[in-house]
Structures are given as C-alpha cells and as structure tokens.
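Next, two complexes with subunit A in common: one pairs it with subunit B, the other with subunit C.
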Partner chain A sequence: MAQATSPIPETALPSAGLTANPAGLSRPGALAFITPGLILIVVFLAVPAAWTLYLGVTNYALFGPQASHPSFVGLANYAQALHDPLFLSAVVVTVAYVFGSAVVGQMVLGFALAWKLRQAPAWMRQPIETLVLFAWIIPAAVVGFLWATFYGPPPQTGTLNTVLHTQVNWLYQFPIPALIVFNIWRGTAFSMLLSGAALNTLPPSYLETARLAGASGWQQLRDVVFPSIRGTLLTNLLLITLWTFNDFTPFNLTGGAIPGATTLPIYIYHEAFEFSLFGLGSAMSTIMLLINLIIALGYLWVLRRTAR
Partner chain B sequence: MAQVRIEDLTVQFSGGTRALDRLDLAIEDGEFFALLGPSGCGKTTLLRTIAGLVLPSAGRVVIGDRDVTRLPPGDRNVAMVFQDYALYPHMTVAENIAYPLKVRRVERSRRQEMALSVGASLGLGELMERRPAQLSGGQQQRVALARAIATRPDVFLLDEPLSNLDARLRLEARTFLKRLQGELGITTVYVTHDQAEALAMAHRMAVMDRGVVRQVGTPVEVFQYPANLFVAQFTGSTPMNLLPARVDKGALTVGGRRLPFPSGSYRLREGDRVTVGVRPEYMDLSTVERHDGLPGRVAVVESLGVTSLVTLEGEGISFQVVVPENRAPRAGERGWAVADPARTLLYDDRGELIRAF
Partner chain C sequence: MSTRDLARLDAGPRRAHRLVNRVLTYLFLVLVAVFFVVPVLWLLTAPFNRAPSFTVSLSQPTLQNFPDLFKNPYSASSLLNSAIYSLGSVVLVGGCAGFAAYALSRVEVPGRNLILIVLLLLSSVVTGSAAIVPLYFIAFNLHLIDTVPGVILLMSGGLLPAAIFILKDFMDGVPGSYEESARVFGANPLQILRDVVAPVVRPGLAVIAVWIFVNAWGNFLIPFVILRNPALDPASVQIFSFQTSGGQAVLRTAAAFALLYTLPAVVLYLVVQRRYGFRFYGGIKA
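Here is the complex of A and B:
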C-alpha cells in the first residue's frame, strides 16, 4: 500500500461528504434506525452487567431478609471469593479445561483435520467433515445425555466401559480429562471450518513453490502456512478460549455434582442459585469477566504485534 | 542443465478428462522452448507434470539421464516461476530469494551471499530488504526469477510469467527474459497463450490443442508453414486468410475466380477440395485489376500504426490484407488482393498442410 504516493489535492476528493453520511440519512432518521437495537442491548446487556456490578457489593440473596433489604458490604464478597479454596480450585479446573480442550485440543485437531482433508478426495473429505460438524450442531441438552451415557459409571455401565470392558467411573475418577475429551469432540468443528476457510485463501502456488524447493510438510506449515494465516488462527484461538472459559455445557454431564469437574461458571451457578448468595455470585462473575478481559487483551496485543 | 524428454505421457484427471494424451516431446539442453496453445489445451498441465506437481497416469518424464516420473518436485532440481509469482508476503526480497536455499540447508551467510549476488544481477540490489507488497509488478517478477535462478536448477519452468504485467512492461520483460536465458543457458520451458510471446522468445515451440501437440518447430517454421489449420489460425497477430478452393485445370478456383497455383508442385487431382491459406502480411493490394488477384470491395480499414489492416468483401468470401501506411484505401473502394505465391499454403480436406515437393 506504500506505492503511488502522488499527492492528491483535498478538493479533488468528492467522497468527503459521502463518507460522512453514505446512506443519506438525517440525524433523527439515523437515530430511529439504531434505537430498537440500542434498547435491546441496554435492556439485555448493559443493565444486567451494571446490576451484577451493583449486586457484587451487596449481600443480596433470593430469600430471607437480605432479599428485601440488601445492604452494602463493600468488597467483602470479593475478599470472600478470593479466600474460598473451592473458588480457586474452580479457576484451576477451568484453566485446565480451556487449555486442554480449546487451545490444544480443538485448535490443533481442527487445524490438522482441515490441513489433511484439503488434499483428501471428496469421498473421504465430505463424510468426515459432516461427522465433525454434527458434533457441533447437536443441541447442548442432547449432547449432555449422549456423553452422560457414554461415560456412564457402573453398575449401569456406559458405552465407554462396555467397549473397553472396564468398570471405571470416568467423570469421578478422571474429571478433567473426561471433560477435555468431551469438549474436543464438541467444538473441533469450528476450528476446522475456520482453519479450512483460511487455508482456502492461500494461493496454491505458495505451497507449490515450497514443494519445488523441497520443503517437507512441516516446513511448508512453518514457513508458509502459519505466517500467512496467523491472523485467522489467533482470532480462532481467542474465540474458542472465551467460549470454553464461559462454557456451561459440562453441567449437562455432571449435574454440577462432581467437585473435580466444577468449572467456574458451574461454581458461580451453585453459589448464586443453589445457596442463593447473589451478592457473592455477582462478585465472582465480575472476577470471571476480568479474567476474560485479560485474555482478550492479551490476544489482541499479540495480534496487533504480528500484524505490524 | 539438461535435456527434457517426455515419452508417451498421459494425464487423466479424476473426473475422466484427459489433459494430455500420449504426448511425446524432446526439449534440448539449453533450449528456450515455448508451449503455446489456447486455455485448456494442456500446456500448463504438461509444465506441472515436468515439475512433479501433477503425476501422470502413464508415460515418462526424463530430465538429463534421470527418470523423474515418480520423484517428488523437490528432488527434480527444477525451478518454477508462477503466473502470480508466489512471493511470500511475510518475507523480505532477500528472504524470498534465499528461501529454497534455506530449505536445502545452505548455511545462512552463504545463502545470503547468493541471494544478494543473484538479486544484484537482476537489478534488485536496492530492494533486498523490502517486502513484496512494496514492489511494482515488474520488480516482483524479477524477484520470482531470482528465487528460481538462485537454486541453479537443471530446468526452468515458467508459467505465463508475463501475463500479469501491463503491455509496455511486458515487452521490456520479454527482451530481458530472453537475454537472461541466453546468458544462463538453462533449459527453459515457457508456457504462454500469447503467440507473439512464443514467436519472439523461443528457440523452438510446440503448439498444443486438447492434450496433443499439433506442431513442433522453430518460430519461423511455425509461422511460415503451419502444419494444420489449427496452428494456422492460432499463430500470427492477424488471422490467416483461409479460403475454400477447388483444383480446376491446373489452377485454383477461389470465390468464383481462377487463380494460379502457389510455387512448387503438388500431388493433387482435378476437382480436389482444398483450403488456401495466406497471411494478410503476405498479400498485396492492387487498385487496378489483376488476373491473379482476388477482387473485393473495401469494407473496413484498421490502422495498425506502420501498416493498415484492410478487410475486403469478395464474392461470398471476405479476406484481409496488410498494406503500408501510405497506401491505405478508403472504405467502399475496389481492390484486388494478390497473394505472394511463395507464401501461399494449401491444406487438404482434413485440415493438414499439403507439402510442395
């Protein structure tokens, strides 16, 4: 974009007025168009967010005297959360879940599938793609049943135990690996689709030039593919990290009753709705929001740095 | 540097399309060889098969004395320049040129040195630290060439490398490329759909159509003696006049007019149907009646700069003549087109050239 720097006089640009108002709308007209959307955003996003922030500094609860007359407690809820070993353990479980299933599992497997299927014949590619996509489009409630059955503990032994001839209570004995495997199955399709779309933007001649130079498959990936589609891969990583972090689907498998499989959203759900501690739950949600924000800012920083 | 031999090569795609059909070709050591043909004729497939990017269904590809038919592209010691140049946007010019050397594990300082010297010889010395996006089309093309040269390949494969340049630059690049090939002496296979490019650059060329070679020869042979009507129509900057005729008492009847036979003697029988082929450049326009000329009325005059292309309408036929700039007629005038008998060709009813003896 650095070429053709011949100076164009400002007056020669007829688009100045157009870019300011491309649709030719008056200010009230434009407002009328965005108002319905704005109202929805305010009602369903801004107000609950502000409400959560407010509840986080009160002792509001669903029942009892604090329900009708909540009082201001300052940062007490935050202090309690940060000193709660179960909260901290939920953070650790969540980080392991996100790292294992999203960053390593979905990302690596999704990209590998997209990369390998690119050269595969259609009769092989299409069924595999369809299968992977199915895992993604099946409703979460159905998925919960499917996997509860799959991991089913003895005595009503589930599919996995039947196949392996074992008597293992997978979700209790290996909670984090079990959830990670489940979520890789569930979410790989997205990474596969996004990686596939990015690979399609790569001119075939890029890879052919590398092949003619004698580059191995790994060298092609390292020298040509990754640098070319880095932006898409990072965006994908950001999205699946945030989604997995906030994912509530494990609840459908565990019913929230397995301590080792309690991720942050499930733990907050317990505190707020089962123990009716809305103030504490709100404070924890705010902490979770801050963690999300830090992750997002981190990715954006890397993205901007590599885009130069 | 090496000879390239294509033996009985067939490429059939999975859909059943036959891109190449039992093709034989020998490209000599150090030769600049053009593959010319319309899109879909198989010329690019042939090039990609030599490169190893396409595997043939049958036949052999031999480079030098090595049968490379089943070798992966990287083991063939060939270099290819693609139509879109395929420069890596995240690498500098120097890194792009040095990339194949890096893959071949040439030591860093050595490959930088090689990239610099090849780059400098192609006039890229000042641009080595730029990125491809900061270069003009012509510069990008030279970077792609430099990357190919730096590996010292046995064979250069060029896939329409000039077609992304604008017309003026293309002429310069043509001369540049021909000189470069002469200096390096590397066997070069050059794919193009532009007959002028093939004629101008190649030592020899193959004209292809639907997976088969229709003629192989020097540009002069192909231009002056197209082996069949397909080649006749495909070569030349103005289309060859192809007029139906009949052998009639030692002369040819064309458009109701008896014209003398071209030079040489032919094995033809009375009443044979033939096609008379003569390029507009090899016809002369007379404003007075000539018994050996085809009469017609001037329909269109197109100025080509130094010459003009005149289209005449005769009796049921139309034909074109190239005349010098000072002799262009006006539309509506009568004229007689006289073919140079030494440059007039006859094709039989199957469209093959009838050779004089």
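Here is the complex of A and C:
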C-alpha cells in the first residue's frame, strides 16, 4: 500500500475505499497529515505520563536547590504514600465513589433509561433525554455550584433540606453517598446515549421473536439484548470508570475541604500544589495510573473471554 | 370451555399485568425527570431573585443582578477568556484531528486500531488529574504558565485522541468513489479533503466541534493550575472564586454569572442537536 496509484475502479467497489486509498495520499503525505496531532499528543499526553513515573522517584521541586538538582530518592515517596492514612482513605473514598456512581449508578440508570425510553411516547422521550443531557452539558464548575447549594446545610439551607424539612449537612455527614448521587446525576447521559446507540443496532426481529416465544422483559434482556451488545456495554463501563476515577469535579462541590469527600485527584492536588510535594504527588499519581491500568487490563481480559 | 374462553380468561391477567408494567415504567420515567430537574431549578430562579438563598425561591424578582454582575471587571473578561480558550481548542483539535483522522482512515498503518484504542485509554486517564504535576512542569519549562496558548495546548493534548477516534469513524463512511472522481480532475489530497470529504462529514465535524467546545468551556483543573493572573481566568475558575468568597451580595451575582456561563454550551448543543442530531453512530465499539 505504499503509493496510491492503484487503478481500481472505485465506483464498482465502494467498500474498497478503505484499502485502496482513493485519496491519492502517499505515505509521506499521510505522515504530514498526522504529524501536527502526533506532536501535540506526544508532548502533552505521552511525555507527561512517562514523566510522572520519573518524578515519583525524585524529590523534585520547582524552586530551590531541588529544582536544578533533584536527587533520586528511590521508592521513598511510594513508601510514604502507602503509609499515609489520608492517602489510603482517599483511595477507599475514590473506589467507593467510582463503584457506586459509575459502575452501578450511571451504568444501570443509563441502560434502564435507554431501554425504557424506547417504549415511551415521543412527548415523554424527548424532554427526558434532553434533561439528562443537560446535566452532562452544563460546565463542571456550575454543576459543582448547583449541587453545593442543593445540599446546602443550615444556616444556608439548601433545596434538599427544605423539601425534606431536615437540617442535615449532607456533604459532611454522608460524604460518599452525597457524591455518588451527584455523579449519577452528572454522568448518566453518556451511558444512556451509548446504550441507546447499541440497542438501535439490534435487529427488531430478535426481540419480536423473543416476545412471541413468551419471554418476559427480563428474559429478553438476559438472553437476547445483553449477549448482543456486551462489547459496547463493556467499553462504556471502562470509559466511565476511568473518567470517574480521574474526575476533579467533587472539588467544585466541596472546595477540597471535606476529609470524607476527598478523592484521590483532590488529595494529589493538595499534596503537589498546596504543599509543593511534587515527588510525593507524582508517586501517588503513579499508584493511581497503576490502578487505572489494572482496570483497563481487567476489562480487556473480560472482553477477550466473552468474545470467545 | 372452548379455547376461545380459555384465551379470554388468560387475556384478563395479561392485560392487567401489561397495565401495571406501563404504570411502573411511567412512574420510573417521571421520578427520573424529577431527579434531573430539581438541582437545575436553582439556576433558573436564583439569578432573578434580589435576595437569593440556597433554596429555590423567587421571592423578590429582579433583573438587576445582571447589570450588577458586570461591575466586577472579571465577569466580562472571564467569559471572553472562556470563549477564546474554547474556540482555540476547537480550531486546534478539530484541525489536527481532521487531518489525522483522514490519513488514518485512508492509509493502512499496521496496528492502527490498537494504537487508537491505547491512545484513547491513555487520554481518559492522563487528561484527568493523574498527570497534572508533569503537565504543570511542561508548561513551566515551555514558558506556558499564565499564557493563553498554554491553556489551549494543555487542554488540546488530552482531547485529540478521542476526537481522532470519533472523526475517523465518520470518514470511514465516505465512499472512495467521491475522491476517485475528484482525483481524475486533478485535485490534490488537500483539495480533496477540503472540498469533497469535509462537506460530506459535516455532521461528524459538528458533533466533534460541540464536544471539544463543551469540554474546553467546562475545563476547570488546567486553567486553575497554570494561571495566576486573574485577568486570564476563564469563567470556570471565576465562578469558583465567586462561590468560595460567599456572602449574600456575592451569591446574587454568582447565580447570574452561573446562568450566563451555562447558556452558550447549552445553546450550542441545542443548535447542533436540531440540525444534525447529537448521537453516537454505534461508533464506539470494542
């Protein structure tokens, strides 16, 4: 496929467009097309990822003697991180946040909405879809602000306490459930869109046949729907898991000041930028990257296995 | 008993069952709608209230909050900054992704799909907060701290892989015969991309543009970390400083500001949704 001089009549073979390179794009030409994007990705994505690994074993600082001559401290940063009860509690908070809001909340609610909205009349479907999408489109800083007021504790009583006639400081007393409910609200749209797109690829005859055979709603899901769109659902699960893991939005709700609501990204931000412990912060980031890597590999493994 | 009677006997409970099912479905959908509406209501009332609290209420209706808001010089500048960062990202990411996606769609590169998936995974991890320390160092060493290009470049790196991934899908759907005919008339690859392919994939470009815009418009962490000059702050950082400074007078303007800051993203989404439909085309698949 080096040079695009193949005289294949494309009109006869429309699908050959993918392999026969109808654009007349040469290898150097293609490289020129790809290079600008590649440079950006290397400098602002690949290098930072690699740099995190390096920083984690140094006592790097921006100013002072450690700025010009950072010394190698081996695994000291890692040891310090793993012996830090606040770091470990941030890991626990993050795992609970990810599991509750993404794996269970967004995934189940997103799919249930996509599934149920198919049967609902258009006057119900369109407004609900738009509402769910709004929660996803509104800027994170506004969303954080909205939910901070919604959960508002006395004396600045928020809507939730007003409606329930309670005086609860939700974010302090129930930090993890409060964040989970918030993030289900925030992110369900993506799972709904992706589940909806996957459900649309199902041939209607599949469900028709299942229904005629007397399958209940749940049986249809289990025997027909899930096996067919498993790949998409798993991709969705992986993406929302990683996104939620790295999500900084809880900071906009709590200002980073509530210990029980401090997720890993917030804790790393504190250590690195407020205490200037860049080495320690990077070691924590590396641990976070490793957890993400394990999640991604686990996903690939499940995908391989279920794809047979 | 005839079979018809039997069928009728059976139909009664089944119809009742279906009715219960439908009622439960509607109940579920109504509850979901309430859940998604209630937290937003504050954004619709507080900006128009002379003395807003954290509760939804329109006790003293006024429009005065909006002119008052612009007495703070950073209100207007931060919205303008947000527009610059977002449009800059749309141009940079959209341009780079368009060229790259086209080349990847038309020229065979071994392991192309694997590379794309790895990049996509990397971007969903690194764009969050895991790499914010080295990103900050790169910005520091390239003298990008406290600069407009710095914010745009740092946001763009993370947005590119997903943009390429989604755009390539749209480009794969363009039949090669179009380009073949253009080539017969002597068009070069750049002209073909501009005059033949781009118009065909316009819905894809629109979806990607909205996606980049909304992401950059809402990005908080990167400007929060690399900007120190408040005159360069985008709206996402500005609203946070409103929020943390507290007080009734601030709450009034903060609410009005939140609404103004939200509107462009929502309007842009609605326009594209009307014109092209905002959907995934079954594209993100493993």
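Just so it is clear, the second predicted complex is superposed on the first by the 271 of 308 C-alpha atoms of A that agree within 3 Å, B and C clash if a C-alpha of one lies under 4 Å from a C-alpha of the other, contacts with A are read in each partner's own complex, and residues count from 1 in each chain.
Note that in this section contacts are C-beta pairs under 8 Å (C-beta built on N, C-alpha and C of every residue); 3 or more make two chains touch, one makes a residue touch a chain.
Here the structure is a predicted model, which means the values were calculated and not measured.
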item	value
Subunit B versus subunit C, judged by how many residues of subunit A each one touches	C
Subunit B versus subunit C as contact partner of A:D223, first or second or both or neither	first
Contacts of A:S101 with subunit B and subunit C, given as first, second, both or neither	neither
Contacts of A:Y206 with subunit B and subunit C, given as first, second, both or neither	first
Which superposed partner A:V47 touches (first subunit B, second subunit C, both, neither)	second
Overlap of the subunit B and subunit C footprints on subunit A, listed as residue numbers	1
Subunit B contact footprint on subunit A (complex, rising order)	1-3, 121, 203, 205-206, 208-215, 219, 223-224, 227-228
Subunit C partner contacts - residues on subunit A that touch it in the complex	1, 9-11, 14, 16-25, 27, 29-31, 33-34, 36-38, 40-41, 43-49, 51-52, 55, 62, 109, 112-113, 116-117, 119-120, 124, 127-128, 131-135, 137-142, 144-150, 152, 156-159, 162, 185, 193-194, 196-198, 200-201, 217, 231-232, 234-236, 238-239, 242-243, 245-249, 251-252, 255, 264-265, 268-269, 272-273, 278, 281-282, 285, 288-289, 292, 296, 303
Subunit A partner contacts - residues on subunit C that touch it in the complex	21, 25-26, 28-29, 32-33, 35-43, 46, 53-56, 92, 95-97, 99-100, 102-109, 119, 121-138, 140, 153-154, 156-158, 160-161, 164, 172, 174-177, 179-180, 183, 188-189, 192-193, 197, 214, 217-221, 225, 235-237, 239-240, 243-244, 254, 258, 261-262, 265-266, 269, 278-286
Contacting residues of subunit B [partner subunit A, same complex]	14, 51-53, 72-75, 78-80, 82-86, 88-90, 99-100, 102-104, 133-134, 136, 147, 151
